[in-house]
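Here chain A shows up in two complexes: once beside chain B, once beside chain C.
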Partner chain A sequence: MYDERTSSLLNILNAATRVLVILLSLIVVSVPFVYLFLNSVKPPQEFLTVPPTIIPTHLTFEHYAAIFDPNQDTRSYFINSVVITVSTTIISVLIGSLAAFSLSRLKLPFRLSSLIAFAFLIVRFYPKITTTLPYFILMKDLHLLDTQIAVIVAHVSLTLPFVVWLMLTFFDELPRELDQSAMLDGCGPWQRFIQVILPLTTPALLTAAILTALLSWNEFLMASSVASSNAKTLPIAVSSFITDKGVQWGPMSAMSSVIVVPVMLFALFAQRYLVRGLTLGAVKE
Partner chain B sequence: MATVLLRNLTKRFKDVYAVRDLNLEIHDKEFISLLGPSGCGKTTTLNMIAGLEPPTSGQILIDDRPVTHVPAAKRDIAMVFQTYALYPHMTVFRNMAFALKIRKIPADAIEKQVKEAAEILGISALLDRYPRQLSGGQRQRVALGRAIVRNPKVFLLDEPLSNLDAVLRVQMRAELKILFNRLEATVAYVTHDQAEAMTMSDRVAVFRNGVLQQVDTPLNIYHAPANQFVAAFVGSPPMNFLDVTCDSKGALCLGDIQLQGPPDVDLRSHGGSLLTLGVRPEDVHLTGGDGVSGIIQVVEQLGASTLLYVKVQKSLIAVQTPGNMHVKVGDPQHIGFAPDRLYLFEGSEGKAIRTPGTG
Partner chain C sequence: MGVTSAPPLQIEEAPISRWQIVRAQLGEKGMLVFFLIPALSVLLLVQGYPLVYSGYVSMVDWTLAKSPTPGGFVGFANYTKAFSDTIFVGAIQTTVTFALAATFFEMLIGFFLAYITVGESLFLQISRTILIMPMVVAPVAVGTLWRMMFSARAGLINYGLSLVGIGGPDWLGNPSVALTSLIIIDVWEWSPFVMIIYVAALSSLPTEPFRAAAVDGASRWQIFRYITLPLLVPVTILVLMFRLIDTLLTLDIVYTTTYGGPGFKTHTLSFWIYQQGLRYFNISYAAATSWLLLIACLTIAIGFLIWRGRVLARQS
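Then we have the complex of A and B:
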């Protein structure tokens, strides 16, 4: 059927198709980022030319200088973002993993465990916008509007179901004999959780922490509804460059680039754990 | 060491009885096997003794102290799991030391105890390794080490040898026997392997569908089974069962062939009833022309012995013969049964009415 030449030709075609598909996907993903970065170093007048220039005629860092100007509040937005992300991550992972362990191990009557677990899942089903207004009113009544706490509570409520479900899968896959063995060795529930179960789910915990942190760092909708000035996070700061006097493209691009950098660094560092965590347990050792 | 007493112990999962009204005493320093097919309730029984599974009703006493509602952590029982359940993130040393550490025993005492236990089991060289770096047999030893290092009141072993290959299993069988003799331990050993139960135990408890059938010494279980189930479950190759009728004179008939019944029982009271005749393959012999005639259907050369399956009327009868038998499939063959080696069972439950016994 195939002689050697046609088969090697087919191989090359095959490889070429694969490379093409990968290249296309890469372009789709990276073009917005590249364009964002180019905009952040583009002289202001070039935003107004028609057609707009894609590659800047010369580089300028004035937009970065502008956003890092001591008169600007970038520093406090950054601190808000960090405090909110770190707090959300710690609270979500701590409560979420404890809840998941209990749900995984407790034998409640009437399939209550499954019902509770399902209730967590439902929270993920509806659009976030539906709870934004009630949440705003709730925070207003609690006199928590425009505080970091309000944003943290919002982010925990967004990320907790995700952590519970991720950890539940992992705990369910851990053999019950390990719990039983620890019980017979004299462990109470806390000792079992901390000394036996937690060390075995470190990759899962890291995955949960990483994804929670990313979600909180990037979250816009809830944060924008309850944090209008003092507790403003970086994504909201970006949107505030859209003003009634027009859009400040340069500083907006510079700010966006600054937000992306920690995420990129974090992703690079974390990808090893992420991949491991997401596939752990899929294949038996 | 200790005694374990199970009183009217029942475990029900919804409508299914896993264990039903179990009464069993495990004596001090006794090695008892809980034997039965899967799903017969033997592991559930073990879990209830361990405190991992609360009984639906009944009582558990360890050293005459009721522990039915005492949590597993406080019962001072060690268990070896079928899957070993070693802690994957701890070295062998830490695996063995874990229970002692939880009990806040001083570090130097822990080290001494772990090293002693490791010495006994021949795993001293493995103490720094992780479970994933060990072979199946080594993991098995570590699991045992984790149990014996604590010097518990009772050892519970749940099919500890079933994940090992055949050769290692036989070797470990002997080692376990020596080990627990030396420790003078009270041991409950769950297995579905009758060879393990027979070779290792002081007594064997045979279970079926959650109900205890018989508790006795291995030889009594073999030669004086309480019923047809026990007789069928113990022995390899398994016992032959033939449906026979008993006539009014007490003679046994297999179809139209009259068989010589056991000499020591008067079967006239069973006249007209259907009985099940049991005979072990080693108690069937080939005859020149006497006895029952049949056709050889299968020949299994096992080396040390040859197993023949002879078709007599509608039944296939296994016959254990010497290893040097030269017969082939299709040969006609006469077989005979030693009358004093016959078993007789009656009724739907297959209650034994005659066994050879050990005497």
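Then we have the complex of A and C:
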């Protein structure tokens, strides 16, 4: 389809060059991932040969077996990651969309609603390291260090801004007549939220949930500060390979793959929602 | 399904007193306020309170290794101390160099990628899905991935270079190359972010100005230069702001590739503060320097948002 908006530069590059450049960039993006997966199934003795073995002579799943070995800590890190991601997603989407609904419907004096919405937004802009330290001390004083709860609460706070703002834009667009007619039918705010509003914003909820899960699954800074051993997540576990374990490329690749693959599959199937979440705020749709 | 006429519902219209209306409205408002409480308490507990607390801690003398409780008030001593700390000042230089270089190339490459992949054909959609992979996977995993790519002896990059007769450097271990390697990693990871935003921006541009220009016989270059580019200025300011702030705060990939080394060559501010706070437990010092970083980030955010507001006002 001819589109005046983008044709100007595109015709300067002719179509063939364009496809070629796209293919080239696809290679640049994929090769490191392929290398990672190959390393995760490479026998240990093939790592340090010179020249390096790129394609393993035979496949081995021992690194994965080591990760999922019931006697190994990595198994519990995996479980931590899953529990923390799922809990964070449920809590953040639930309380975030509740707050967004409230902010879009509530008329508070002194533009308080806008101020609160802004308070959520500002979390996106300052260094998390500033709040991580006091949060660490707070959790220490509450004897919650190294618990899943400490990580979940931290992740909820990090993901709330995204959920609140995403849902706020959607709730603001829903006609108020919907609320009013439900109100006349005797529905309280809770019933309206659950029965009327939420079903209409399922795509937005899905976007919020996907983005939240992604951020929580990948998060490093806050989790690493409050979870030193028992509540460690996979990103924390994989980061420790550089400090205390020397060169262990096999297990390191396997663990990285375990972190990366679910997200890649996710991105593949939920690309539309994901992109909408990631471009949130920058472009009005 | 057959349509049967149901008997008309008998609705008893009870007279509504003024009191009932007031109560209903109070209940409505109270309930809505109640909805805010869970999210707001998490925000206050994990972000609000720590923010205030770190501001307080930055002005006292407190090293967790020496004392479990904060010491006496020292004013801005921790802040002034930072600026005479050569490692901290070095970290500022490293971070600014990193942020400017990474942001520059990400904007350039991201915009270019957007321009060539915008469109709805299946090939373009699949290409975009693959191209966003670096930014959706965990940054720590990106770090480990590139540690292996960049490994001097067994890495893929140097192997590739050796095939064409070039002896590659020790990408992450050589003091004069390490920061460049980190910039390459960040550009690989985040150019896709710039790309998807420009793709969305390009696809939502209004069509009328382009039609009009085409009718007026404007050349392709003229259209690009005088219509497309100006319309993209507001979104460009926003992406620039996000990338500048995020590159100033880079931590994860430093942690998993160079760990700040060799020497202090790749000590970014975030990494330095992380070390001070969570490794050496110099709580006050870390808090003070983290506030300096916070002020820098908020200044950038406010400055860029004002700039964007002016551009938008001028355009409308």
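Here is the rule we go by: the second predicted complex is superposed on the first by the 233 of 285 C-alpha atoms of A that agree within 3 Å, B and C clash if a C-alpha of one lies under 4 Å from a C-alpha of the other, contacts with A are read in each partner's own complex, and residues count from 1 in each chain.
Rule of thumb we're sticking to: contacts are C-beta pairs under 8 Å (C-beta built on N, C-alpha and C of every residue); 3 or more make two chains touch, one makes a residue touch a chain.
None of these values were measured; they are calculated from a predicted model.
In the superposition on chain A, A:Glu177 contacts chain B only, with no contact to chain C. Between chain B and chain C, C touches the greater number of residues of chain A.
When both complexes are overlaid on chain A, the residue A:Gly188 reaches chain B and chain C alike.
Touch criterion not met for A:Pro70: it reaches neither chain B nor chain C. Of the two partner chains placed by superposition, only chain C is touched by A:Asn39; chain B is not. By the touch criterion stated above, A:Leu214 is placed in contact with chain C alone, chain B being left untouched.
In the superposition on chain A, no contact is made by A:Pro109 with either chain B or chain C.
Comparing the two interfaces of chain A, the one with chain B and the one with chain C have residues 183, 188, 285 in common. Contact residues on chain B toward chain A in their complex (touch as defined above): 50-52, 71-75, 77-79, 81, 83, 85, 87-89, 98-99, 102-103, 132, 146, 150. Per the touch definition, chain A reaches chain C in the complex via residues 1, 3-13, 18-19, 21-22, 25-26, 28-33, 35-36, 39, 47-52, 54, 95-96, 98-99, 101-103, 105-106, 116, 119-120, 123, 125-138, 153-154, 156-157, 160, 164, 183, 188-190, 193, 214, 217-218, 220-221, 224-225, 234-235, 238-239, 241-243, 249, 252-253, 256, 259-260, 263-264, 266-268, 271, 274-275, 278-279, 281-285.
Those residues of chain C whose C-beta lies close enough to touch chain A in the complex are 27-29, 31-33, 35-36, 38-40, 42-43, 45-51, 53-54, 57, 113, 115-120, 123-125, 127-141, 143-149, 153-156, 159, 162, 188, 192-193, 196-197, 200-202, 204-205, 207, 210-211, 213-214, 220-221, 223-224, 228, 235, 238-239, 242, 245, 248-249, 251-252, 255-257, 259, 270, 273-274, 277-278, 283, 286-287, 290-291, 293-294, 297-298, 301. Interface residues of chain A, counted against chain B in their complex, comprise 175, 177-178, 180-188, 191, 195-196, 199-200, 285.
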